[in-house]
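What follows is a set of structures to go through.
You will see two complexes here that share chain A, one where it goes with chain B and one where it goes with chain C.
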Partner chain A sequence: MPVKVMIPTPLRAYAGKREAVELDAATVGEALGRLTSEFSELRKHLFTDDGKLRSFVNVYINDEDIRYLAKENTRTKDGDTISIIPSIAGGCCS
Partner chain B sequence: MVTKVQPMAGNAPAARPDAGGAGLSKEEILRYSRHLIMPEVGMEGQLKLKQAKVLLIGTGGLGAPLGLYLAAAGVGRLGLVDFDVVDFTNLQRQVTFGSSDVGRAKTEAARERLANLNPDIQIEPFETKLTSENALELFKDFDIIVDGTDNFPTRYLVNDACVLLGKPNVYGSIFRFEGQVSVFGAPGGPCYRCLYPEPPPPGLVPSCAEGGVLGVLPGIVGSIQAMETIKLILGRGENLIGRLLLFDALAMKFREMKLRKNANCPMCGQHRTITKLIDYYEFCGIRGEEAPAPNLQVPEITPRELKSRLDRGEDLYILDVREPHEYQICNLRGHLIPLGELPRRVHELDSSREIVAHCRSGKRSAEAVDFLKKAGFRKIWNLKGGILAWSEEVDPSVPKY
Partner chain C sequence: MSGEAQLWISMQLAEQIRRHGAETYPHECCGALLGRDNPVSAHSSSDEGAEKPQREVLALFPLVNRRDDSPRNRFSVTSGDVRAAEKEAARQGIDVIGWYHSHPDHPARPSEYDREHAWPWYSYVIVSVAAGAPTEITSWRLADDRAEFSAEEIAICQRASV
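Right, the complex of A and B next:
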């Protein structure tokens, strides 16, 4: 299934400065797996050392939080948009 | 043009006796006339605004439009919490302040500006840092708390205090050209911890190199927060409760995500585990204020030492690990390899030479020195305080940014 993964600004530096990446995946987990194998620096920002999604990173499929669907096993449909939404605190360092 | 039609008994102001006694003066009626002629606000709504008590946490980028619009709208009591002083670099986005305010306490400069904008409202400056010790006391006299801070510990503190007191938290945050807005802590709605149970560890927070903010962005995000605050006061429209609004200024796109109340939320869930305010710096993995990421102990050289060694004609190799757009602002004619590119460009460096790495403030270059030492480099130092310290101690013609 071709899906679009939206990369948030703070993580674009680790994803070749891309705003969005289109890839083929049947589940959200597969999409994130493909994404982090293409952009290996992204991995530590999204996953813990034992491969779990970090708790300060939320993943949405369209406008739904995957935590309330089948988490990483959530199946994708053609044209779905997956959004990575990390917490941002606002401001910048002085 | 203005003719008095059917004056009321005794020509009294058109106050409603059932509006808690807080009527509007003739001046106020004129001032708020564009609200009063809207059925969605009207006299009833304007009196609600007049009786409302809103506390703004932070008077910076988000606090600027918040303060200005809420004061202009006639929010009767406006509290301002900030401990900071107006800095020259704030003026690019913190439009409450003027150039002559540089060096003044932000709460005082904002109070003066807002009082000038609307002398009919009560403005209460609290020149203090919001802490676990004072938050509940500060919040208790206000109806709505607006979070316009710039750091994770304060965001969790504001959230938790709002949930404990049952007060809505109008949340906004920004990063470069992206913003997030929501309303947390409303009855039945999610809280910030439902969305983000934990903060990111300090090492994974974007560094200076990726920082910065487009000056208009806080204007837009803060204005949306002001709008949500006013809607909460009026009890009109649909608030961003259970919705996270995402704004991308570059793409000029708004998106919206559904937020659910997390049944297992440690703060607002059925089995809450947090029942009082905690140490939020510890919670966020930050020891002490503004503590830099994991204590990197690397060899350092001061700007003065570097200057005298260069003056003696010593063969030192200057490595600049900032980004190309920063190099354009000012540089020490060093060899530029941005920190993020260092691992794959390390072959450009000669480990037999003495290398001094620098960045803007010394933080990124400390990471670079740490990395290069692990890669086997022995003669390498970090320029203490970076280009900022160089400008301060050696060459004031180098601009600070």
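Right, the complex of A and C next:
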């Protein structure tokens, strides 16, 4: 079933300069997997080397944070919109 | 270090960032940089002899540091704050082009923690605040391969903010 993944501005350079990508996926994890298969350069900015979503990367399905749903197993339905929103963090010493 | 990237900002906005760092000292301040990222034009016509800014800060969106546990050496902006900044930028017809924060009593250089929590494309402005007084201000961009930050030149311009 087609879902739309909105690409945040900083990552569009790694997704063919697209603002959004439509793909078929039954879960949010599957959508992100397909997205990063199609655009492999995106992967390292979303996932750590061991395949986990980076701690500052937040994923929403239609305005709901997937952390409060079934995380990456959250099921999608036709026409859902998935958004990738960073939280910004940093600090002066390691 | 690449000397090619440039971030244009007015004197007033640069001063506003420095002031924010002084106000929250000894804690870190943070906020969003709103502006325009202009693709380099092949036929750029010069305006008063000045080159067209490639990337320019036009407004700031100061935010509250959400790191209550260690605000002296960490800052955090929630995804809700990011959305609010994006909404404000859209209202002004511009974009979120980066973020600023302060390093209290530390140099204005990105830390390993900064690198781990960054994305390319954004400009990351850091102001050093020594004993309560803002000193150096720098800007950085993360490399495509996430390996390191490169310095981005800050060009102070006379243009008034929108």
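Here is the rule we use: the second predicted complex is superposed on the first by the 86 of 94 C-alpha atoms of A that agree within 3 Å, B and C clash if a C-alpha of one lies under 4 Å from a C-alpha of the other, contacts with A are read in each partner's own complex, and residues count from 1 in each chain.
Basically, a residue touches a chain if its C-beta (ideal position, glycine included) is under 8 Å from a C-beta of that chain, and two chains touch if they have at least 3 such contacts.
Computed from a predicted structure; not experimentally measured.
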item	value
Chain B versus chain C as contact partner of A:Glu64, first or second or both or neither	first
Chain B versus chain C as contact partner of A:Glu19, first or second or both or neither	first
Partner chain(s) touched by A:His45 [first = chain B, second = chain C, both, neither]	both
Common interface residues of chain A - those touching chain B in one complex and chain C in the other	8-10, 13, 44-45, 55-56, 58, 60, 65, 85-94
Of chain C, residues touching chain A in the complex	28, 30, 67, 70, 73-79, 81-83, 95-96, 99, 101, 103-106, 110-114, 117-122, 124, 144-146
Residues of chain A defined as touching chain B within the complex	8-10, 13, 19, 44-45, 54-56, 58, 60, 63-65, 67-68, 83, 85-94
For the chain A and chain C complex, residues of the former touching the latter	8-11, 13-14, 41, 44-45, 55-56, 58, 60, 65, 85-94
In the complex with chain A, residue positions of chain B that touch it	60-62, 87, 89, 148-152, 155, 172-178, 180, 195-200, 204-213, 244, 246, 251, 255-260, 262, 340
